[in-house]
Amino acid sequence: MPSKSLGSPYAGILPVLAIAVFVVAAFSIRFGAVAISFSDMISALRTGSSAPGMLNLTERIFLEIRLPRALACLFVGASLAMGGVLMQALFRNPIVEPGLVGTSSGAAFGASLYFVLGSVLKFHAGQWTLPIAACLGGALATACVFLVSETTQANRESTTALLLTGIAVNALFLSGVGFFSYIARDPQARSITFWNLGTLSGANWRAVIILGIVTVLGLGIGLRYARHLNSLMMGEEEALYLGVDVKRLKLTITALNVMLVAVATSFTGIIAFVGLIVPHLLRLMRGSDNRFLLIGGALMGALLLTLSDLAARLLLRPAELPIGIVTAAVGAPVFMGLLRNRRYRF
Amino acid sequence: MIKRCVGTLSLLLLLVGCRFNNQERGEHKERIVSLSKQYNEIIYALGAEKDLVAVDLSSTYPPQIKSLPTVGYHRALSAEGIVSVKPTLVLHDNNVGPEHVMRQLEQLKIPLKVFDTKGTDIQSTKALMTEMGRYFHKEAAADSLNHKLDQDMDKAAQRAGTYSSKPKVVVIHFGQAMNIYLTMTRASTAGTMITWAGGEIPIKSERGMVQLSPEIIASADPDVILLTDFGYDRLGSTDQVRTLPGVDSTRAAKSGRIFRVEEHDLVYIGPRTGENVLKLQDLIHAVKIAG
Amino acid sequence: MLCARELSWTVGSKTLVERVTANFEPGRLSLIIGPNGAGKSSLIRLLSKQQKANAGTVLYDSVDLGAIHHRELAKIRAVLSQNIEIAFPLRVWEVVMMGRYPHFAGRPAAADERACQEVMRFFDVESMADRDYLTLSGGEKQRVHFARVLAQIWFPLPGKSRYLFLDEPLTFLDIYYQFEFMEKLQDLLKPRDLVVVGVVHDLNLAARFADQIVLLHAGKVLAQGSKDEVLTRENIKAAFRLEPKLLRGDDNSIHLIFG
């Protein structure tokens, strides 16, 4: 038995996930409010590359809206799931979400600030203002968490200090969001609410490129540290004995999480539960090796979000459900099942 | 977080009724999608609705508009959704979101139009109706709507002079999810209408709506409480309304003057505003109801 | 050889370890004993570089511990901690393979897999290699950790010593496995290139198996040396506040009886 290398019991499921992602992505570009057939898609690609001025409406919808949205779904789903894997590994706790270190609430804060005070602050970067505001907010909140937790006296298990600080900073930034909702005029308040529920409808090619780079980078760097995260499963002390620079690891992994989650959130609003349930599902299926969880997580996150987006777009067409509602509707029962599962100890 | 999602979902579903997956009927030369409830009421009043193919979720007047398919809540639209109804024109009043959807529609070269006049008071709404009348070639209808509005408002002004008291009226609007009750302030459209009706909203604020607190209600001690349809229907009856914190001690509760009103009658100025002001007058100046 | 010179560690106003000087030779089992709060675990932390001392030096084969990079250190030094909580389901062989992490970057090499196999066989956990770690009993989990920790330093290094620290390794083991573990340790010590420093509570076990005993009291070395030198009635009374009866066996063994 031990002649198996670390990859092999996990190997079987990854190709299956990859194929599933491909199939669901195909569905995602094929189905939507507007009817687009595969021949439409092919002609769109052909005309788009040779004579872009000659595209008809359906082809333009495919190239400018449907296709970037499908790709954004894949990348955002992958990023959020990987963020979840990283944070759960860092905190050695399966009910941890990437938002725990303040990233999501910070992003929400940045977005609310933009919605309510954007015109007052006279900061304009066109369509990039909202994503930049959200990203800065997320990074700021996480920086707060780290700075405050580093100054505490915690000797052993300083991850607990990080967790507690994260809870405090989250509360702070969320109350900021609440405050902005309160002082907002009615339409602004509604914008805040709907941003908090998430939507993929804003996807364009520039966003897709950024998301793509971030996702691939996140996966690459994450895989490099996967083994260290494995050692961390036994505790910080054990990881230290195995030669891991624990302090540096925590910083790197948290920075990675911020990059993945803040960038994704800044384009789509807050989408909950993906980072929570994907790692859990994978552990139930195979196990907890972080290399597997990162790759499988990226695939399954992409799969889950694409399916959710399909549901969001098709259930009430031509209207759309905010995607956060779909992922919560799926995630909440899974979350409850997770809590009742006694295999985990928290 | 979960509660907020579920709450918003219930809100959406309740608002929706069965307006999703509505099929279209008949042939259309022009295909107009209109995302403003004010515009929509005027379009129907002008008799220009034949080319309307889809509207936003919050357009609920007149009742026949509910049989049209809807492209969603006006602050949560999607470009593909709008395009899928094949519009030749999208009307909106700059109160739509998210922002990127309008940009995407522009990129797809879907014609968008905002009418020049903003109908925020009687004069400007009449001008808006004139502009829309011209646009839809229903000038005569527009004129008669304006005339009726003037007539009704004059009548209301006359009657307002005859009232001996100025009742305090609080308008409770069931706002966003999770039992957050909002009340309309003097600065809101409802507030203006109540003033025209010879009453007053005792709650002052720069914003159109503020969050309800028991102190606000109790200290305001209104003579009349009006609830918009959504909130009233959710609570069920006047007795249920009395159970809201702070309401029980008010004069309105004691004299049983708690009434249901339609939200779309109070949130924008339109062709029926004069009519609605008259109705408000009847409501708020009515003789005390026993018990 | 492992040398500690004037090691001191103070946290706040509390002195945990005070001017401890001791040598630990490879091929010999050295056990640290002492009452609660004597500084045994603290000393292990200082010797294994989990903690930096305020004063004094630790030398691994004449090299200052501070100069050894933590990644290199992980290849020659392994520590078995007291309490390891794993919150996620893992296979036993995955836990053991983690011991080899300091030795490979991407995928484990054939040598790493061989080390895992041999060490699991050595500690009798090979049959549970595929089982979920969380489903094991306390004793079984302990043995898995033995395997992991030994896997880390399984192969001898030419010209260098390997270092093994054990912080109360016998807690969850029944008496059979306690004896078995100690005997296995003696097996491992045979090649004479392994330094083993452990902390135990059971004085009789120390008397039975230790080549060298260090008796700590209030952070200071009260006595160190062979069992005859250290396990005297006076020393035990001074450290543990209880006077034992000392029985000598025919084979020169010492047995302590309390009460």
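A, B and C are the chain letters, set down in written order, and residue numbers restart from 1 in every chain.
Heads up, the rule we're going with is that a contact is a pair of C-beta atoms (placed from the backbone, for glycine too) under 8 Å apart; a residue touches a chain by one contact, two chains touch by 3 or more.
Model, not experiment: these values are computed from the prediction.
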*Most centrally placed chain, judged by C-alpha centres*: A
*By count of C-beta pairs in contact, what is the leading chain pair?*
A-B
*Compute the distance, rounded to whole Å, between the mean C-alpha positions of chain B and chain C.*
77
*Distance from the mean Cα position of chain B to that of chain A, given in whole angstrom*: 38
_From the mean C-alpha coordinate of chain A to that of chain C, what's the distance rounded to whole Å?_
43
*asked:* By the touch rule stated above, which residues of chain B touch at least two different other chains?
replied: none
*Could you list which residues of chain A touch at least two other chains?*
none
_Footprint of chain B on chain A - complex, ascending_ = 32-35, 57, 60-61, 64-66, 127, 130, 182, 185-187, 189-191, 193-197, 199, 201-202, 204, 272, 313, 316-322, 324-325, 328-329, 332
*What does chain B use to touch chain A in their complex?*
1-2, 4-6, 8-9, 12, 16, 20-21, 54, 57, 69-73, 75-85, 95, 97-101, 103-104, 107-109, 176, 207-209, 211
*Taking the complex as given, what residues does chain C use to touch chain A?*
48, 50, 70-75, 77-79, 81, 84-91, 93-95, 97-99, 101-102, 107-108, 113, 116-117, 120, 126, 129-130, 132, 134, 152
*Interfacial residue positions of chain A with respect to chain C in the complex*: 1-7, 9, 92-94, 227, 230-231, 233-235, 237-238, 240-245, 283, 287-289, 343-346
